[in-house]
Amino acid sequence: MPVLTGKELRIVGFLCNWCSYGGADTAGVGRFNQPTDLRIIRVPCSGRIDPLFIAKTLINGADGVLVSGCHPRDCHYAEGNFYARRRLEVLKRFLPILGIDPARFDYTWVSASEGQRWQKVVTVFTEQIHALGPATRHENVSPELLAKVASAIQGGNRVAA
Amino acid sequence: MSRLDALKTRIKEALPGLECVIGWQKGYDALHNTPLFIRGEADVDKLEWGALNVHNPAVYLPSFAGKKVGVVVKGCDSRSVVELLQEKLIDRDNVVIFSAGCDGVVDIAKVRAKLAAAGLNAGNAEKVAVDGKTVTVTAAGKAVSMPMAEVAADKCLRCQFPNAVLADAFVGDPAPQVQAAPAADADLAALDAMSVPERMAFWRYHMDRCIRCYACRNACPMCVCRDHCIAQSREPHWLSQEDSVTEKLMFQVVHAMHLAGRCTECGECQRACPMDIPVLALKKHLNRTIHDLFDYQAGVDVAAIPPLLQFKLEEDNIKERSW
Amino acid sequence: MAAVKYIPREKLPEWLKALAAQSRVLVPVEEGGSVVFRQYDPARAPVFGSDATAPPKGAVFPACQELFSYAYGKEGEDNAPTLKLDPKTEAQPTVVFGSKPCGARGFLIFDRVYMGKKFPDPYYIAAREATVFVTMACATVENTCFCHWVGSGPADAAGSDVLLTPVEGGYTVEAVSEKGAKFLDNPALTDGAAKAAEAEAVKKASRDALGEAPDIASSPAALLSLFDDMEFWRDQSDKCVSCGACTYLCPTCYCFSITDEGTGTAGRRMRSWDACMHFQFTLEASGHNPRPTKAHRLKNRVGHKFSYYPTLHDGLIACCGCGRCVKSCPVSVDIREIVQNAVAKAKG
Amino acid sequence: MAEKIGVYIDESSVAPLLNAEELAAYVKEKCGGACPIVKAHKRLSSPDGVAMIKADVDAGELDAVLICGTSPRVDWDVFTFGDKVLVDRVNLREFVTLSYKNPDGSSVAAGGPIPAELRSMVQDYLRMGVVKMQKMNRPNPELPETNRTILVLGGGFTGMNAALAAAGAGAEVILVEKSDKLGGRAAGLYKTFPMNYPYLEATDTGIDRLIGLVTGNSRIKVRLNTTLKLLAGAPAMYEATLASGGNEEKVPVGSVVLAAGWTPMETEALAPFGYGKFKNVVTSAEFEAMVKAGDIKRPSDGKEPKTVVFIQCVGSRDKSLDRPYCSGFCCMYTAKQAILTKDHIPDSQSYVFYMDIRSPGKMYDEFTRRAMEEYGARYIRGRVAMVYPKDGKMIVRGADTLAGTQVEVEADLVVLAAGAEAAKGAPQLAEKLRISYDKYGFFMESHPKLKPVETNTAGVYLAGSCQGPKDIPQSVGQGSAAAAKVLALFSKDMLESDPQISRVDIKRCVGCGKCIMTCPFKAIKEVEFRGQKKAEVIETVCQGCGICTSTCPQGAIQLSHFTDNQILAEVNALCQS
């Protein structure tokens, strides 16, 4: 598809309806300059975000994922972002073992009134992803690299010599 | 009285009140034991106790919901029982736990590799003798001795719980604690040493041969969704049938993330894998993360709340980034 | 039948390269401790010594195969609904090189289902006809081998096109089918008459190593008679964890599932391996499942192979005795034991 | 599962950057198989636009409607078409046309070529919207109980008027006031500047009468010494946690009217004028209290002041204090206080230092003129430079910019017209309600002309000075307007479409109870189903957060409108291309 041919990268945002989606609306209404790489998926609460959505998005080739919810203690549902914080932090630390740069994923808190904060977050994150460049897909891993890691773990060699 | 005989005695006593008692017996060849379901007294004498009891019998417990069963466990297996109790997936009143000190079990894959190095095929194993620190396997008429430390399962090398954390009938002398555990398992250390792109290549290389039999999942005592796993459902439709590395790896991510804070690292996922995919490394890494973040270890306290099912207003070890 | 030929071990790459120039050549290679069939790469030495962890089933019957792609749309002024279909039946010429006899024999069981008159399967037929099996007879056998129980053996050529037998310094090469005969036309192959006797000795030795097979001729009737004996099946299946390792690694398991994978209004219809050990295999849309427990499912697996299929197909047992289901089972469920138990139980 | 989706593109949201018809053509090409109707309209939220969609729905052509235009946080109550069709939104305005800038930061020239980035953005959002809609489940006819109680926050003039207006129309109202009495700022006033014919005299505020009406109204429950701790849920299904003393109580409410009011500026702005240092410098509120007590005295010695200096714009219109705004009502109450001073102390003389006289209300300017012309108040246009004591008097030195001279007034009493600030804690309250506020802490309305008393949180309205300084008539007007908007909301069958709640697939549930542990609302209970433990959602308690959905490993509990499959469809639409 043409979207990926230019210098634009694929960044997916998961935003809670009550705070960060409103913050992004506020940034739009305020006509704040924002990068164009991001596509936003609306969810009711950051607590709705199964970390697997993020893993799936990144494994399937997105270049970056940004999650934003209400500030801690300001969750519309009181506790959602507290659960989210734990889950998302665990995921962030899990990504590197899968071979995904953890800098491709960040989570933060932006309230509905913080249009300018949203602008800053999107801008900084997009720059961060551009610095990393396009993500490698599994099918594009180089044969050299494959050969290099093939014998990294000699677990169950069931082959008779 | 040997541990085995003591176990048999206790099981015979308890058997009349139980649906069955789950343990181990000899399998199709000398190298393989297999789970045993004791339903009558004659079955009790088939029971085995030792280094070939590689399976985690806790995996069967949830399927006996509502019935009272006995289970013979190693120390590590008992942690799975604790975790199942903690998550109310089994009822304490309906399970009788038999146990004895465990001196470690072998990793059949490591034994296979040792035999292969000696020019032998594990498929020809005729005899296995385990005495303390040495395992001797005879295959095609040739005996090969291997130090237990080199063929023991990774978990045994770092075992914190050689004796059950929870048991109704613990027989014999407790087994000694493992001394001088390695800092990290070899597989994790190997992955840690890789660059991020190398790790991607690593999983690309290994997951490519996954046949999606879900043995890793079905052998996992904590995978209680079993028949309703999201890997095979259309509602929700997390994974497609496409046999790409992406989809296969995604399932491992699903499994690992669903185990975050619940995994006791019994290693059944990897042991069960017919394609020898080192899937346990993912869980080991995640357990390390859970420990670092929440100072938590699964399967030691029935009353604990898993870390991802609770939170703190101010987290001790989560530092949020500034923009 | 053509005369026996011979190829020295060091000449094998030459032959393989020649074959690879014309078609896809799949050979068993070691990968992370397992042996799997992969496209021939001179840099990776094939592993002919031990039986592959996974049989070459996917060469003809892929784990997942796109049957066709589809797209719904609208056309013209009146927005008439349209559906575009793009079927993919073409098959790639393939040589499966170095499979054990059991791996190739599996397709005999497939053929009767997918190449029969009733429901010929164009995808299967195209792939089957495009594939040649150059099979390696077994010089050694393993604890889990039981091909001799099911009418096969370590040098069984049924289902294969060419049979190799390991001998000192190389392999004897025999054409088994007409398709196979064409493959012997390579300068790397020389006359093997001198090696023929040695090859026969190898075949006999491995057959002897298997020992005497038990009589399971009554298994079709025995299993049928135990159909309603759920206590028997509970005992047999107690330790089964309901994974699909036995099924997916079985050279004879031919069941599949069909799913549409797509987003929006376009997608692909995929056919992929299914496993009767999974709960979903017989799960009906209503939520009802006629095989709700692993006991029901294991009964089906064993019953299908040793009773229902042979009853329908001239006594041919739908098992090639490779023993992968035993060897690869996480809890060592042993189908041999179950069949023998059934036979014994039926006898009373 | 929606199979016949009507896609409607709002031209007013995408023009002039994008052509609505071209977008419709794109949807038809890419998603035509699922979308029998694709139309563009000038303004979908207009009665004509809604009627157009309704006609298509009534024709039975559609099982779902996808509105592509404004943010789903806007006009959320406009697009409901009964329980036969699903409705979802695609945000093309806030997320695309309003926020789009060229990579170099420039704006797109209208009518010029559409940049590739902009095109891909709008196309992605359209495709995501359709695939998400395709996976949306049919509405559930079982509706949770709805609540139409109105929670009014603030017992001042505005809040009481809103409460009375709503109660007068039959609504139940809970009026929450954080202090120990009703009345708000107006309760401290002796009189207000004239608000009724003949607009000549300062008049009674009427606050006591108003308090009487409120406390005497059986539909209005007044809660004093109470604050809002938390608001959870959705319109008609909110649950407010009210804190009073050490107690907390959860109260179901349908909507909220915010009338949190304002507060006078304090020491920082007042200090340069000697407030806090000299007893005879007082705020206008303190002066008003003296007048109300009928006892205008110099605090220093209790003598009647003969010369009173009023200083306006104390803290207002002051960039150095970061308060550049006009507080609006100071000019009027200063004129009123000058008149009252003369009334009470006929031989007194008032001086008023002012920047500009801002008296745009009905007959307001006439009133200030009366202060000058009939009551002899001397208005001096200029800022006061300093205030200092001398011989028992306060010397007020300032500029008279009209005369171009320095002036010094020997005053007995100096009255500072302190400007208005947002009420203390307003930003915190805004965060609790997820509404926007400006940098001064005043709440932001949804749209200054189209939605002046709405906020961007569904079901939450605002009125009065919490939005910005207002005088009593304006506040009363807004209080009534907010009440009218809430009543309009409740007058519709607003919940005829599917509520956003979680549902358990009983076949998939293994009864592990993890969802029960994480639900913040205790909206999930354990039940027994054919001898097995299962989870069950208490639909009336469920607030629709979806924490359970991301907790359940087997995906057995799904939040409608945000199911795994819907979110996955969006992810796939973005990743597979």
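Chains: A, B, C and D, in written order; residue numbering restarts at 1 for each.
Following the convention adopted for this analysis, contacts are C-beta pairs under 8 Å (C-beta built on N, C-alpha and C of every residue); 3 or more make two chains touch, one makes a residue touch a chain.
No experiment lies behind these values; they were computed from the predicted model shown.
Chemist: What chain sits nearest the middle when you go by CA atom centres?
Modeler: Most central by this criterion: A.
Chemist: For the chain pairs B-D and B-C, which is connected through the larger number of C-beta pairs in contact?
Modeler: B-C
Chemist: Just curious, how far off is chain D from chain A if you go by their C-alpha centres, in Å?
Modeler: Here the centre of chain D sits 32 Å away from the centre of chain A.
Chemist: Report, in whole Å, the distance between the mean C-alpha point of chain B and the mean C-alpha point of chain D.
Modeler: Chain centres of chain B and chain D, defined by C-alpha means, are spaced 57 Å apart.
Chemist: For chain C and chain D, let me know how many angstrom lie between their CA-based centres, rounded off.
Modeler: Computed value for the inter-centroid distance: 70 Å.
Chemist: On chain D, where are the residues touching two or more other chains?
Modeler: Residue numbers touching two or more other chains: 507, 518, 551, 564, 568, 572, 576.
Chemist: Residue numbers in chain B touching 2 or more other chains?
Modeler: 109, 113, 121, 205, 226, 228, 238, 276, 278
Chemist: Can you pull out the residues of chain A that are in contact with at least two other chains?
Modeler: As it turns out, chain A has residues touching two or more other chains at 51, 56, 60, 79, 83, 87, 150, 153-161.
Chemist: Tell me, which parts of chain C touch chain D in their complex?
Modeler: It is residues 71-74, 79, 81-83, 263-266, 287 of chain C that touch chain D.
Chemist: For the complex, give me every residue of chain B touching chain D.
Modeler: The touching residues are 65-66, 87-89, 224-226, 228-230, 233, 235-238, 258, 305, 309-310.
Chemist: Inside the complex, what are the residues of chain A that reach chain B?
Modeler: Residues of chain A touching chain B: 51-52, 55-56, 59-60, 72-73, 79, 82-83, 85-87, 89-91, 93-94, 96-101, 106, 108-109, 117, 120-121, 124, 136-139, 141-142, 145-146, 148-150, 152-161.
Chemist: Given the complex with chain C, which residues does chain B contribute to the contact?
Modeler: It comes out as residues 20, 27-29, 32-37, 39, 55, 59-60, 109, 113, 121, 123-125, 205-206, 208-209, 211-215, 217-219, 226-228, 232, 234, 240-243, 268, 271-272, 274-278.
Chemist: What residues of chain D sit close enough to touch chain B in their complex?
Modeler: Going through chain D, the ones touching chain B are 505, 507-508, 510, 512-514, 517-518, 531-532, 551, 553-556, 558, 563-565, 568.
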